[in-house]
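After this come two complexes, each holding chain A, first together with chain B and then together with chain C.
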Partner chain A sequence: MTKPKLAVWKFSSCDGCQLTLLDCEDELLDIAGAIDIAHFLEATSEIKGGPYDISLVEGSITTPHDRERIQEIRKNSKVLITIGACATAGGIQSLRNFADVEAFTSAVYAHPEYISTLAKSDAIADHVQVDFELRGCPVSKHQLLELITATLAGRIPRVPKVSQCVECKLSGTVCVMVAHGTPCLGPVTQAGCGNLCPSHGRGCYGCFGPKENPNPPALSAHLADLGMAPKQVRDFYRSFNAGAPAFAEESKSHE
Partner chain B sequence: MPDAKGASFLLDSPGPLVDALRRQGWRVIGPKLGQGAIVYEEIESAADLPRGLTDEQEGGHYRLREGDPDRWFDYVVGPQNWKKWLFPARQKLWSAERSKDGFSVESHEDEWPKTAIFGARACEIAAIEVQDRVFDNGDFADSGYTKRRAGMLIVAVQCARSAATCFCASMNTGPRAEAGFDVALTELETGGFLVECGSDAGAAVLDGLELADASAAQQQAGEAVSHKAAAEQTRTMPANVESVLRDNLDHPRWEEVAERCLSCANCTLACPTCFCSDVEEVNDLSGDHAERWRVWDSCFSLDFSYIHGGAVRRSTLSRYRQWMTHKLSSWHDQFGTSGCVGCGRCIAWCPVGIDITEEAGAIAAEPLAQEV
Partner chain C sequence: MSERVLQVDALARVEGEGALYVRLKGEEIEKVEFRIFEPPRFFEAFLQGRDGHEAPDITSRICGICPIAYIMGASHAMEMALGVSVTPEIHAVRRLIYCGEWIQSHVLHAAMLHAPDFLGLSDAIKIAEVNPDLVKTALRLKKIGNSLMEVVGGRSVHPVNTRVGGFYSAPEKAKVRALLDELEWGIEASRKVALAFSTFDFPDDEHDYTFVSLSDPDTYAICEGRLVSNRGLNIAVSEFNDHFYEEHVDRSNALHGRMRDGSPYLVGPLARYANNYALLSDGAKETAAMCGLGEVVRNPFKSILVRMIETQYACEEAASIVRDYEEPKPCFVETPPKAGEGHGCTEAPRGICYHTYKLDDEGRITHAQIVPPTSQNQPQIEVDLTRVVAANLGMTDADLKWRCEQTIRNYDPCISCATHFLKLTVERS
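And now, the complex of A and B:
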């Protein structure tokens, strides 16, 4: 059996999700043994041409060039998997979606006419068909390995779309919102980080984006009861997953 | 020497009892201060108990407060419950190894040292008995659960106060535990404890402690503590909830509560009787080593109702209705008892304070007209 050919691609992003892949040091040798890493600039300058069996895509679409490049990658990939908040929701740079990008470029650059950028930062799935989305800012090492392992074993990866609250309860973490009145996005956020913030006494920042069937208006009403001003509620939803539709819509209703 | 089960004695403090348990080889799990709440962890002596603390609870709200520094048990039930130990959140079931000529399977069961749970409240004992019907059910008994349950001793604490979220009196599960314990302690208003012996195993633990016999008046004082706690309860469950929910599956209230519900699953996971789990496959990259793990699940998750091709309960309405009708109505058909013991956890630990008694009450107050 020939080894499946893997490519890793970068769009607008901080490289943190690719680093998560490199951080799988102990497992990388096994991964390298099981798959043919054909394109992964963060790890090796050796480049093999397509087609690829699996493409992992990091980053969001923010330029006209990105928009064309992703079409090429899609054509050359059997399975296309997006990794991280940028690729799945537009990332922190999707804050531009709520502002005037031209005003930014003229304020920041001496020659804004050289800047070629789109008005919005888009998720990859806004442009091409995506086979699987791995959430997180950054993605969790555990889920990334599960994704690769399950894909190689031919089974569906176990990446539950339940709330972060489920991770709290499974880990025995006392709810910071109920016990301390700390604002938390956990009830509308997808699990996966390993219960990072609540297990350290902090509210969830929503790194893994909206859970399935989320109800942000009901949470926002409670956040207001906890003392958050409308602007704070708006900004709470506007971080790494600001562009995810459920969060974007909710933040706009607190303008 | 206390020789008779059913007898009552007096004890100054819980300390000697914890020490006696440990001397006799019991691992003791009890209430402890942790993460700003009362959690259930192993304790080494009575010094680990959260003495002097009390709690304030409401829908979506829990705070620990300084109380009378001399009182030992003036807090009531907190975020965790004993199912954390009896029915662990994550549990390895078996593993398998691929070999040249096939594969081999090895079953797995975690060790369970004989364990005393210290400070179980009446509603919590009732909840354990509810889960017994689920897991210790004859033909399909869960061997891990029954093993843990058999190697377990229950030291109850009779509640001296109720939180605003408690409604055990209306579920007939408390606040006084009449049975189901090996030893029960009542902290008397005058200080000191009334000690009830509930079993031979309890008598064996009490053996060797210097205990004075309790007078009839002292026993009455113990019961008065429970009466006072019961009288403090304000929430109640409608008596006809089982039939009223069954007859009102299309009640408009379900839609109304679904607008407030986050489908976050906290209620089911905090509930001491909910027993649902999922089984997950874990394998290594090579595929040569695989494991199966049992993990808590909830009817609030989408995948819970996944059957070939899709999930059946997609809306929050259908998930909330499943939770409440199962707990309060169809549980009776399934297990011959209610699935709710009135502990109030689902009320306090719901981030937005949805109140099962209020929701049931709203439907019971204005049921849909029944066709005849």
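And now, the complex of A and C:
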């Protein structure tokens, strides 16, 4: 039986999500045994052409060239899956979507004329059809392994779309907002990280993006009651998933 | 006269997007460029107006491989701006999680990204086909680093438990102490991997580098000390901009770091090793001697050995912190907002990473500057490439291209970091 061909692609990102694949130390050699790693620049200098059975895409679209590149990748991929907040929501670099990108360029670079960049940082799904999105900044190793296993088996990955609050209850973690008055995005954020922030005594900062059908205005009212100023509420929604529509809209209502 | 062009449009086994371009006219090298085309992400710009306490978590997203370097640099700078300092107990836990980052990053680069160059193979999976034990040992070692980061920080990529002032919660004593057995195994395993790599056929190349690193009188500097060089520099971290500058060149989305006199310099394992050899552990020094290394290593291709020696050191240092670990109380110091200016610099696996911020009365950022290690190494990488090409003009294009890529990988370049980087093109005419 021929092994399915896997490709890993990078757009604007920190490399952390594709690193998560290399962080599967116990499973990496088995994965390499089950699939043909045809294109994975961070890990191998061997490059095979398409078409690819599975493409994992990390990063967001921020340049004219990347806008064209993702179209080619889509054409060459049977299944295209985005991994991480940059690919699913534009990432932290989508903070430019709320500002003047020319001013940004000249703030960092002495010769802005050398820089080619788009005004917005877009999710991959804004440009091509995406078959599955894996959330997280970074993605969870367990969810990534489930994603690969499920995709190889031809089934939908089991990735819950419930809120972080559900993960707290299942883990027996005391609610940081109710018990300590700590601002928390858990009620509007998708579970999956492994209940990390609340179990360490801090509020969720939303790195898995909005849950299904979130109600951010209700949470924002509570955050205000806890003493957060409007611009603090605005910035709370504006981090690694600032470009996700539910978070972007809510942040704008606190400008 | 014949023109040769060597070009690699997308370098493999590096973190991020870079390229190489070399153009030769006969024996004359016309152009050597290490290009960074990773798109710019504008961190310094969008940090303006944000609460200073957000800087560690936001800047950690510059790099998924070395998030601790950003978390620590930003935290140190904020603590200086806010006029607070952490307790020795909190500092020890910071060193502990930083050891985890050195272990996972060094082993990832040495065993999975750089070693294939010396073996003529494309990747670590291919090494596993001929030497499965070596790859399995390396993976177990790398996992120790990640486990350490998970126990202290919650997760290995973008840890959540770190904050300005210390940690959100004290890492649990039982979980920290449980790391000891694997760390003790890791000390021996690092030596075993270093010795295996020491049998590689290293290209004959040496250069009289300006080595820049942190240095501390009491310990092998990771996240403490002053900035020093082998040529007499000895300054406080806050004086960084008086002695170094960044220039913007059209071939790169990463700024190039230079000394104020315009000369290139080297940061990273070779610099730390040369400047701080005396402070390495006896075990690490012994491994260096067994690998045939002196107290200074000027052959950049041997940086792979120094990475494994630093991995051994990091395992030993982490083991000594873990052995006596008690949960720090308090686990953070209070950091009320106020106006100020702060500087932070720590040793990322690839070299010094400098941050400076200015805060307003509400503690919001009005100015941010971040200088990652790969930006600083870019001019030196181009100097190395020119020297390596000149010494190997008789090679075929394919062999010379391979050697050039290997020369770049000597630096473990983190392109994602540098743009806050690589295509290889070689033109021969």
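Basically, the second predicted complex is superposed on the first by the 254 of 255 C-alpha atoms of A that agree within 3 Å, B and C clash if a C-alpha of one lies under 4 Å from a C-alpha of the other, contacts with A are read in each partner's own complex, and residues count from 1 in each chain.
The working rule: a residue touches a chain if its C-beta (ideal position, glycine included) is under 8 Å from a C-beta of that chain, and two chains touch if they have at least 3 such contacts.
Note that the structure is a prediction, hence the values are computed from the model and not measured.
**Q** Put the two structures on top of each other at chain A: do chain B and chain C fit, or clash?
**A** fit
**Q** What is the contact status of A:Ser251 with respect to chain B (first) and chain C (second): first, second, both, or neither?
**A** Neither partner.
**Q** Name the contact category of A:Thr82: first (chain B only), second (chain C only), both, or neither.
**A** Once the two structures are laid over each other on A, A:Thr82 reaches no partner at all.
**Q** Is A:Cys137 touching anything from chain B or chain C once the two structures are fitted on A? First, second, both or neither.
**A** second
**Q** After lining up the shared chain so the two structures overlap, which partner does A:Leu41 touch, if you call chain B first and chain C second: first, second, both or neither?
**A** In the superposition, A:Leu41 touches chain C alone.
**Q** With the two structures laid over each other on chain A, which partner does A:Ser220 touch: chain B (first), chain C (second), both, or neither?
**A** A:Ser220 contacts neither chain B nor chain C.
**Q** Now for A:Thr151: first (chain B), second (chain C), both, or neither, which partner does it touch?
**A** Neither partner.
**Q** According to the stated criteria, A:Gln93 is in contact with first (chain B), second (chain C), both, or neither; which is it?
**A** The second partner, chain C, only.
**Q** Which of the two, chain B or chain C, is in touch with more residues of chain A?
**A** Partner with more touched residues of chain A: C.
**Q** What is the contact status of A:Gly201 with respect to chain B (first) and chain C (second): first, second, both, or neither?
**A** In the superposition, A:Gly201 touches chain B and chain C alike.
**Q** Considering only the touch criterion stated at the top, classify A:Asn241 as touching first (chain B), second (chain C), both, or neither.
**A** neither
**Q** What is the minimum C-alpha distance, in Å, between chain B and chain C after the two complexes are superposed on chain A?
**A** So the smallest C-alpha gap separating chain B from chain C comes to 11 Å.
**Q** Report, in rising order, the residues of chain A that make contact with chain B in one complex and with chain C in the other.
**A** Correct list for chain A: 201.
**Q** Where on chain A is chain B touching in the complex?
**A** That would be residues 27, 30-31, 34, 145, 148-149, 152-153, 155, 158, 160-163, 165-166, 168-175, 177-180, 184, 186-188, 201, 212-215, 218-219, 221-222 of chain A.
**Q** What residues of chain A sit close enough to touch chain C in their complex?
**A** 10-17, 19-20, 22-23, 25-26, 28-29, 32, 37, 41-47, 62-63, 66, 91-93, 95-96, 99, 101, 103-105, 107-111, 114-115, 117, 137-138, 193-194, 196-197, 199-202, 205, 207, 232, 235, 239-240
**Q** For chain C, which residues are in contact with chain A within the complex?
**A** Counting only chain C, the residues touching chain A are 10-17, 38-46, 48, 50-51, 54, 57-58, 61-65, 67, 104, 108, 112-113, 116, 122-126, 128, 132, 135-136, 139-140, 142-143, 146, 154-158, 160-161, 163, 168-169, 247-250, 253, 255, 405, 416, 420.
**Q** What part of chain B is in contact with chain A in the complex they form?
**A** 34-37, 39, 60-64, 79-80, 84, 89-90, 259-266, 269-270, 280-281, 283-287, 295-296, 298, 300-303, 314-316, 348-349, 351-353
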